[in-house]
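Shared between the two complexes below is chain A, which has chain B as its partner in the first and chain C in the second.
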Partner chain A sequence: MSTSSPSSSTSKSAVPALAALAAALVGIAIAFAFYVAPEDADQGISQRIFYFHVPIALTAYACFGWGAVKGLLLLWRKDERYDLESYVAIHQGTIFGSLTLLTGSIWAKASGGHWWLWSENQLVLFLVLFLFYSAYFMLRFSIEEGPRRANISAVYALFGVVLIPVSFLAIRLAENIIHPTVFTRDGPQMSGVMFLTFCIAWLAMSVLAYALYRLELLGKRLDSNLRELRELLT
Partner chain B sequence: MSYLADVATLARKDLRLELRARDTLPAMLLFVVSTLVVFHFALPEGADEVAAQGLLWVALVFTALLGLARAWAPERESGALEGLVLAPCDRSAIWLGKAAAVFAFLSAVELVALPAFALFFGSVDAATVAGVVLASIGICAVGTLLAAMAAASRTRELVLPLLFLPLAIPLVVGGVGASVSPEPGRYLAFLALYDAIFSILCWASFEYVVSE
Partner chain C sequence: MSQGEYVAAAYGVVFVALLVYVAIIAAKLARLERETAELAELARTRHADV
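For the complex of A and B:
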C-alpha cells in the first residue's frame, strides 16, 4: 500500500497553511477576548475564560464525534486507514477534554472559590468522558495491532458518543439527589460583541484542532511507512 | 425462533459449566457479603441510612465486575471462542447467551445480597428492587461486551474495570436515585432507557468485537 499518492502529497503541503491559519485565528481570538469584548458586569475579568473554555469543550465534543464517525466508517467499509483517523481524532478530543477540565477548574475557582464544583454539570461530564477515553488508550495499546484492534477501538469509540448524552442526562438527574438546590443559570445574555468573540474563539479552536489532527495523522503515517521500509530492508 | 434456541443453548452451556466447576458464583456471593461487612466498618457511627443505600450500589457494581472478569474465561482458556465464532449461528447470539448467563449469576448474587443488606443496614423497598433488576440488565449487557473486548487484550482483568466503570456511572445514578428519591419513577425510567439504548448498541456491535 503506497501512501505517496498525489492526494497525500497535497495534504502534506496543506498542513503548514492550516497551522498558520490556526495560529492567526487563535491570536485574533485572544485579542478579541482580552481587548475587544466588554467586561462582564457580574464576574469581571474571570468571565473572559468563557471564550476559551466553552469553545474548547465544543471542539472536544466534535473530536469525539469525528472519531466515532471514522469508527463507524471502519466497521462499514473495512478500510484500515479509518482506524488511524479515528484514533487520532479521539486523541485530540482527549487533549481538548483535558484542557476543558483545566479551564473549567480555573473558572470554578475564580467564580465559585473552589477548584472543583460538582454542581458544574459540564465539568462533571468531562471528567466522566476523560475517564472513559483514557480507558480507550489503555485498551487500544494492550491489543495486538491488526484488524481485531481496529474493530474493538471503533466499537468503543461508538460507545463514547452514545455515552455522552446518556451521561449528560444522568448528571442532570444526579443533581436532584446530590444537590437538592438546583441552581438555574439564565441563558447566556451575550451582547453582540461578546457573541462575535465567542464565535471567533470557537472557529479558532476548531481550526486548531483540525490542524493538530492533520499534523498528528501525517506524523503517524510517516512513522508507519518508515517502519514498513525498515522491515523491507531487514 | 432458531435464534432464541441458539441463545438458550449458549446460556445453558455457561450455566452447566458453572454448575460443574463452581468457579464464579461462590466467589461472587462471598465477595458481596464481605463487601457489606467492610461497609459496616467503613460507615462511621451516625452515618445515615441514605449513605448505606449508596454503598449497596458500590457493592453490586464491584461484585458484577468480579463475575464479568471471569465471563469469557472458559472460552479463552480452552480457545473455544474461535469455534463459537465459526459456528453457524448469528454472532450476536453469542453475546446474548453470555449476557443471559451473567444475568443469572448476578441475580443469584442479588437474591443473597439484598436480604443481607436489609439485615445489616435496614430495609430494602420495592423501588430499590426494581432499580436493581433494571440496572442488572444494563450491567450484564454492557459488561459482557466490554469483557469480550478486555479478553482480546493482554491486560484482561486489569483493563475491564477501567472500561466498565465510566459506563456504569449512569447506572449508579439511576440506581441510587431509585433507592433514595421519594419519586423513583423517573430514575427507573432512566435505567430502562439506558438498558434499551446500550442493549441495542451491544447487540449490533458484538460481531465486530469477536471477528477480524
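For the complex of A and C:
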C-alpha cells in the first residue's frame, strides 16, 4: 500500500521554503540572544542558554502532542498515512527531547554547579517522558509492519501524551533553585526585550521542527514508494 | 570551564545535532537516488524486452 498522500507534491515545494525560513529565524534568534537581549542580573551570560533550551523543550512537547494527535486520527479514520506522520512527529520529539536534556544539563552546571540532580522532580519527569517515547521505537520495531503495528504504536503515542502536562506542570509545582520558573501567573518574569528574544527563538524552533518533520516525512514516503515500485518491477 | 564556555557548549550541541541530522538525511537521499537509478535501469531493460 502506498503511503503517499495528496498533499505530497505541495509538501515537496514547501520544504525548501520552510528550511530557508527556519535558517533565517534561527539566525535572527541567535543574534537577538547574544547582541540584543540584556545580560541577566542573577545568572549572567549562562542565562542566554534559556533562549534555546526552553523553546527546544516546548517544541519537544509539541512534537509528542502532534504524534498523539496523528495517532488518534489513525485510530479514528483508519488511514495508514497517519501512522507514518505520528512516527515522524515522535521521532522529532525525541530529537528535541534529547537536546532539551543536554542543553538543560549544561545550563544547570553553569548556573547551579550540577549536571543532574535526581532529587529534582521536573528533571526526572522530563527524563521519564523522554524514555517513554524512546521506548516507542523499541515497541514499534519489535512488531511486524502492518495495521497491528500502526494501531499499537498509535495507542502508545496517546498514552504518552498524559505525561506532557505532568512534566510541564512539575516545573511550576516544584519549588527549588535548580530549575527556574520564568512564566508565572503574573506573566513572564523578564524584560520586554528578553521576552521578545524568547518568542523569536520559540518561533524559530517551531518552524525548524516543522521543516525537519516535513523533510523526514518526504524521505520516508519516497522510500516507501520506491519499495512499492521495486516490488512491482521485480 | 567559564560560564561563556558553557553557553558555547549548549549552542554547539544544538548546532552539531542539526549537522548530524542533515548528514543522515543527505546520506538517505543519496541512497534513494541510487535506488531510483537502479529502478529506472530495470524499467528500461523491461521496456526493451517487450
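Methods note: the second predicted complex is superposed on the first by the 198 of 234 C-alpha atoms of A that agree within 3 Å, B and C clash if a C-alpha of one lies under 4 Å from a C-alpha of the other, contacts with A are read in each partner's own complex, and residues count from 1 in each chain.
By definition in this document, contacts are C-beta pairs under 8 Å (C-beta built on N, C-alpha and C of every residue); 3 or more make two chains touch, one makes a residue touch a chain.
Given the structure is predicted, the values throughout are model-derived calculations rather than measurements.
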First, second, both or neither for A:Arg230, with chain B first and chain C second: second
First (chain B), second (chain C), both or neither touched by A:Gly27: neither
Partner chain(s) touched by A:Gly44 [first = chain B, second = chain C, both, neither]: second
First (chain B), second (chain C), both or neither touched by A:Gly112: neither
Partner chain in contact with A:Pro16 - chain B first, chain C second, else both or neither: neither
Partner chain in contact with A:Ser134 - chain B first, chain C second, else both or neither: first
Common interface residues of chain A - those touching chain B in one complex and chain C in the other: none
Touching residues (chain side chain B, partner chain A) in the complex: 145, 149-150, 152-155, 159, 162-163, 165-167, 169-170, 173-174, 176-177, 180-181, 186-187, 190, 193-194, 197-198, 201, 205, 208-209, 211-212
Residues on chain C engaged by chain A in the complex (per definition of touch): 1, 3-4, 6-7, 9-11, 13-14, 17, 21, 25, 28-29, 32, 35-36, 39, 42-43, 46
Residues of chain A that touch chain C when the two form their complex: 30, 44-46, 48-49, 52-53, 56, 95, 98-99, 102-103, 106-107, 109-110, 212, 215-216, 219, 222-223, 226, 229-230, 233-234
Parts of chain A lying in touch with chain B, wherever the complex brings them together: 75, 128-129, 131-132, 134-135, 138-139, 142-144, 146-149, 151-152, 154-156, 158-159, 162-163, 166-167, 169-171, 173-174, 176-177
